[in-house]
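Across the two complexes that follow, chain A remains constant while its partner is chain B and subsequently chain C.
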Partner chain A sequence: MRRSSPILGRFRYGYVAPAALLVAGLLYAPFVWTAYLSLTRYDGLAPPEWAGLANFGKLFDDPALLTSLRNTLLWVVGTMVLPVGLGLLVAVLSYDIKGGAWYRVPFMLPYALSGAGLALVWSPILSHGGIANVLLGVDTAFLQSAPVNTLAMLLVWTWQQLGVNTLLFVVGLQSIPKEPIEAARLDGASGWRLFRHITWPLMRPLTAVVVGLALVASLKTFDIVWVLTQGGPGRNSETLAVTMYKETFVASDYGYGSAVAVMLTVVTGLASYLYLKRQVAS
Partner chain B sequence: MIRSGMATLGVAALFLAACGGTGGGTPQKKTELTLYNDKGAWTKYFDEMGALSKQKIGLGMKPTGYTDSAQYQAFIKASFRTNVKPDLFTWQTGGMLEEIVKQKQVADTTAVWHEAIKAGDLSQDLAPYYTIGGKQYCVPMNVAYWGMFYNKKLFDQHGLKPPTTWDELVKAAATLKKAGVTPFYHTSVLFSFVWFEQLMAGSDPDLYDRLSTGKAKYTDPGVVQVMEKWKELIDAGYFVNPGDKTDPGDVMKNGKAAMISFGTWFNTSMTQRDMKAGTDYGFFVIPNVNPALPKTSVIFESGPLCSLAKAADPDASTKYLKWWTSAEAQEKWATSRGDVSANPKVQIKDEALGQITKDAGSGKYRLVNRYFEATPPPVLTAALDGFGKFVTEPGTYKEVLATIQKEADEYWSTHQ
Partner chain C sequence: MIRRAVLVVLGLVWLYPTYLLLVNAARPAASYDPATAWAPSGDFALFANFAAALDKADLGSSLASTALYSVVSPLLGVVIGAMAGYTIVVLRLRHGFWWFLLIFGGTVFPSQMLLVPLFVGYSDAGLYDTRAGMLLVYTAVNVPLAAFVLRNFYSGVAFSIFEAARMDGASTFRIFWRVYLPISTSALAAVFILEFTFIWNDLLFGLTLTTTESVRPVMTALAGLMTDVYAGTPVPVGLAAGLMCSLPTVLLFLATQRLFARGLSLGSV
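Entry: the complex of A and B
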């Protein structure tokens, strides 16, 4: 076995130390601190008081959290169907046609906006008496009743995310080797059959990435909801991330907010793990 | 191994040193103070005050305005533990001031109050809002009386005059509604409590006070009746849709609603929109729902301007707060915004606002602490969400009251 260079060997910890310290200081330490706070009563001012599992007990007794979970689930399912599903559709339809890239440009532009900026743009459109009411000739308050408000916000999210998902799927389509496609075409496959049996399976590695990223992004949905509805009215459009923020910074219940944060981390981690495990296995 | 360990420690030391800042505790002599506030829309007026203070007392002031109050409060609380501290900051009276005083974060201003009261720059009546454990903290950044702003042109058009009884107010609403004008404004976010506090204070101000100290319950019959009264008005179609995000100032200007209940600070929104008092809009005291009450209840609020107990330059901060209460400073602060002042010497230009200030000072009204300050923060959060739900689905009022009471029970079980 070849020995590594003596200089590299001596200082190997020194080389990785800056990166390790950054990750430990900015990622792991806050997480450990949050996990500790979730076991305390803490208002952000007085020193935290040990509360054991009381905050987690409250989680299961909080009707608002159930609404929050329901909305988060709606965001996950909606994200898979709309930004991801439609992104795939636009990618497949615009790929391999003359000037396809130009068709995709309009879908890409909204991605340049931040979530908060996006919500500010859509606020006068969706609010009662807003532009959507005038254009559609209806008197619906899109941001008032659940689940209409969450669905309306999902459309806003789709408007922003569609382009980037399309782009990723196009990259996936471009990376597929030509030979199996040509062979399938020679065998008479085309249209849906070609996509279903040849293109789609070959795109699997990239689909796993797109779906994985969308899954995590939808589980931590915050900015659009916060700017458009602040989780209301009456907490009916809250997601887990909004509940975490509200409990911590609005209600100053840092302990309970931290418990929601821990729960959100566990849910996101578990969902990602199960999904990726399934992808790797298949 | 030892060397690589040393290298790691060296990098760690450098990293920590870089994060650590310069360390606090060294007294500084400041010529310009920072003023953090959650009134981002008032930056222009704070800037003007900074320029004036520089000229008058040789101490400038630079404002940093936030527009999201939750974000602002989180920043201030976090700043107590760091070296990035504001010299001056705005806050809220009531439970929130008590919280930070208990943690010994706020500078004692008893001497400033004592001197200002003696000089006639502050009124003794205001002191209780700033007194905790017998000492005063902060000074009034602003004061406000709540009433009804109304679109004068719409009132004139439909032959209406400012009502003096609750029945007249409801009759005016009915007239406007019949003519296709929406009488009242309300919202499902932040200010969702406005009509609750107004109806409570005008029906049973004692119950309102008991509610804010945990001695009454949100499920008590008196509170339920208030919600039913509110529901009655919503069901009659007297309110704009609570989901309408039009700025209330624009709602008033374009006549989307004829009446908006807000504090006298709302006058600033009128000033910013070039609306003229007495021609474009007016202001009246909202009559009591219960005519048998001896005095008309008027909602009162006062927002504090504070300095830190461990300020970088405590003398400069105190000097600024002292100047802030003076007639010279308050004249500018009130007139530039078209608002009332905490200093009784200041002449209020707006006739209606000047009148309510004078009447309130003479004891004509029963002043009721605004719900936002009167209610403990966790109960307030639940209540704001609850009222937001109620204005969207008025049939849920009993469920809403039960939810708020659940939070109140939890809070008062440890805070009596």
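Entry: the complex of A and C
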């Protein structure tokens, strides 16, 4: 059929216009504007003043930013090891045993709580003199010194996220073909060797998705840190996303805050690109 | 056997904080003490604590706002996204693939790249701290995923359906509204559920673009409660507030588990 056929109507652009306008006006335009602001000095009141790469120069000798980068890295690595790694373990242990779904219930319950709610309910446990101090019989202030505070928040995050990662892995494990596994069993493979050489390669595509999602999400960690510590005390538990917010809306340094946002975007984009490239290559 | 043992031990570790949370959210507000927090209280005050949270923290109006945002924005978002998918695939829009790429490309930016211009722009346009402004930004954020999913869905629908309806004299909009939208209900619902949850749980846009309690979404209001947990709001009330505000997403999740799992895999594309 020809594209200009009257059957297709004359209003075709009208249907795409609302979507295009919303996306252009509320997503693309702000994106470009932030990129521009990162090259200016701007306090939100006086008009932005061109500053070249000054904000980016400042990024590289700002000790707070270094801390923020280190914490973000800790979040990324920690997320891979704990919610993702443990999630895989629970999935592998439970996917083919009788009543496996029941064993997974305890891990699914915390998924009910979300970012701010999650942090809110953990604060009486983690605060100094709180429930964890009483139960463990130690006087550690879990949310005070770095990197203990980031690790404590990572455990809270693990408590919440494990279930959903497990669920995704279970779906993947249950959908892999049975024949290669049966054949390997007949050849005498079992336990770790069976998993390492047969099951793991078969579930590779799904693992790639779960890890990719966790990677991007962990780079942008904000909610839990903002609610539990606001990036403090001082600035020792800030992540890049928290630093961006504080520089912009607490310190009113919009130009520098925009530069941090650009950096977060570049880091996220680069990590996604390298990750995807590796996935495609292998 | 070892597998079951590991699962049970790990499961108990996971249940313990859940237990602490429930026991203390149900404890009378005045009787909370970290030293005895592990033991259940004789009195069941969960509903009293819910009421106190609604009342004291003014969570009621935040809940109403969030309910509005997380129902209306995804509805608008899926219809607008579906319209784009319809015209790209069915009406064979010229350069349709580029239009699609333009719209779907909107998902790649971290929200942090949007905050400053939205804050400044909203202040200038009188949208700062208004429900209309929040609906607008949440709708825009929904559109790319909806367009992506519905474009894929409509690619699988036979063109003869459209032709037949045209021969009967129906307008292109009527065909969209009466034929294409209804046949894609399952895809629309999956996107809706995903976006409902995203908006319900949003903290960042609420933090940046609102300030009064009646406009502020509920997660932002909860975060604001944090500074008071020790200096005013009793711990059981804070815990009850956290639970209460999570209930709608839990109920939606339980009611639509299958669709939700599908939604998760949609989001992973």
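Note that the second predicted complex is superposed on the first by the 260 of 282 C-alpha atoms of A that agree within 3 Å, B and C clash if a C-alpha of one lies under 4 Å from a C-alpha of the other, contacts with A are read in each partner's own complex, and residues count from 1 in each chain.
We adopt the following convention: a contact is a pair of C-beta atoms (placed from the backbone, for glycine too) under 8 Å apart; a residue touches a chain by one contact, two chains touch by 3 or more.
Nothing here was measured: the structure is a model prediction, and the numbers come from that model.
Colleague: For A:49, decide between first (touching chain B), second (touching chain C), both and neither.
Modeller: neither
Colleague: Who contacts more of chain A, chain B or chain C?
Modeller: Partner with more touched residues of chain A: C.
Colleague: Can A:234 be said to touch chain B (first), chain C (second), both, or neither?
Modeller: A:234 sits against chain B, while chain C stays out of touch.
Colleague: In the superposed arrangement, which partner chain does A:25 touch: chain B (first), chain C (second), both, or neither?
Modeller: both
Colleague: Looking at A:262, would you say it contacts chain B, chain C, both, or neither? Reply first, second, both or neither.
Modeller: second
Colleague: Which partner does A:253 reach: the first (chain B), the second (chain C), both, or neither?
Modeller: first
Colleague: Which partner does A:11 contact after superposing on A: first (chain B), second (chain C), both, neither?
Modeller: both
Colleague: According to the stated criteria, A:187 is in contact with first (chain B), second (chain C), both, or neither; which is it?
Modeller: neither
Colleague: Should A:129 be classified as contacting the first partner (chain B), the second (chain C), both, or neither?
Modeller: It touches chain B and chain C both.
Colleague: For chain A, what residues appear in both contact lists, the one with chain B and the one with chain C?
Modeller: In chain A, positions 11-14, 18, 22, 25, 44, 123-124, 127, 129-130, 245, 248-249 sit in both the chain B and chain C interfaces.
Colleague: Please give the residue numbers of chain A that touch chain B in the complex, ascending.
Modeller: 10-14, 17-18, 21-22, 25, 43-46, 63-64, 123-124, 127-130, 141, 143-145, 230, 232-236, 245-246, 248-253
Colleague: Where on chain C does chain A make contact in their complex?
Modeller: Contacts found on chain C: 3-4, 6-8, 10-12, 14-15, 17-18, 20-21, 24-25, 34-35, 37-38, 80-81, 83-84, 86-88, 91-94, 99, 102-103, 105-106, 108-121, 136-137, 139-141, 143-144, 147, 163, 166, 171-173, 176, 197, 200-201, 203-204, 207-208, 219-220, 222-223, 225-226, 229-230, 235, 238-239, 241-243, 245-246, 249-250, 253, 261, 264, 267-268.
Colleague: For the complex, give me every residue of chain A touching chain C.
Modeller: 1, 3, 7-9, 11-16, 18-20, 22-31, 33-35, 37, 44, 86, 90, 93-94, 97, 103, 105-107, 109-125, 127, 129-131, 133-135, 159, 162, 164, 167-168, 171, 209-210, 212-213, 220, 222-223, 226-228, 241, 244-245, 248-249, 254, 257-258, 260-262, 264-265, 268-269
Colleague: Okay, in this complex, where on chain B does chain A touch?
Modeller: For this pair, the touching residues of chain B are 3-5, 7-8, 10-12, 15, 19, 70-71, 73-74, 77-78, 80, 99-100, 102-103, 105, 188-189, 192, 241-246, 256, 377-378, 381-382, 385-386, 388-393, 396, 400, 403.
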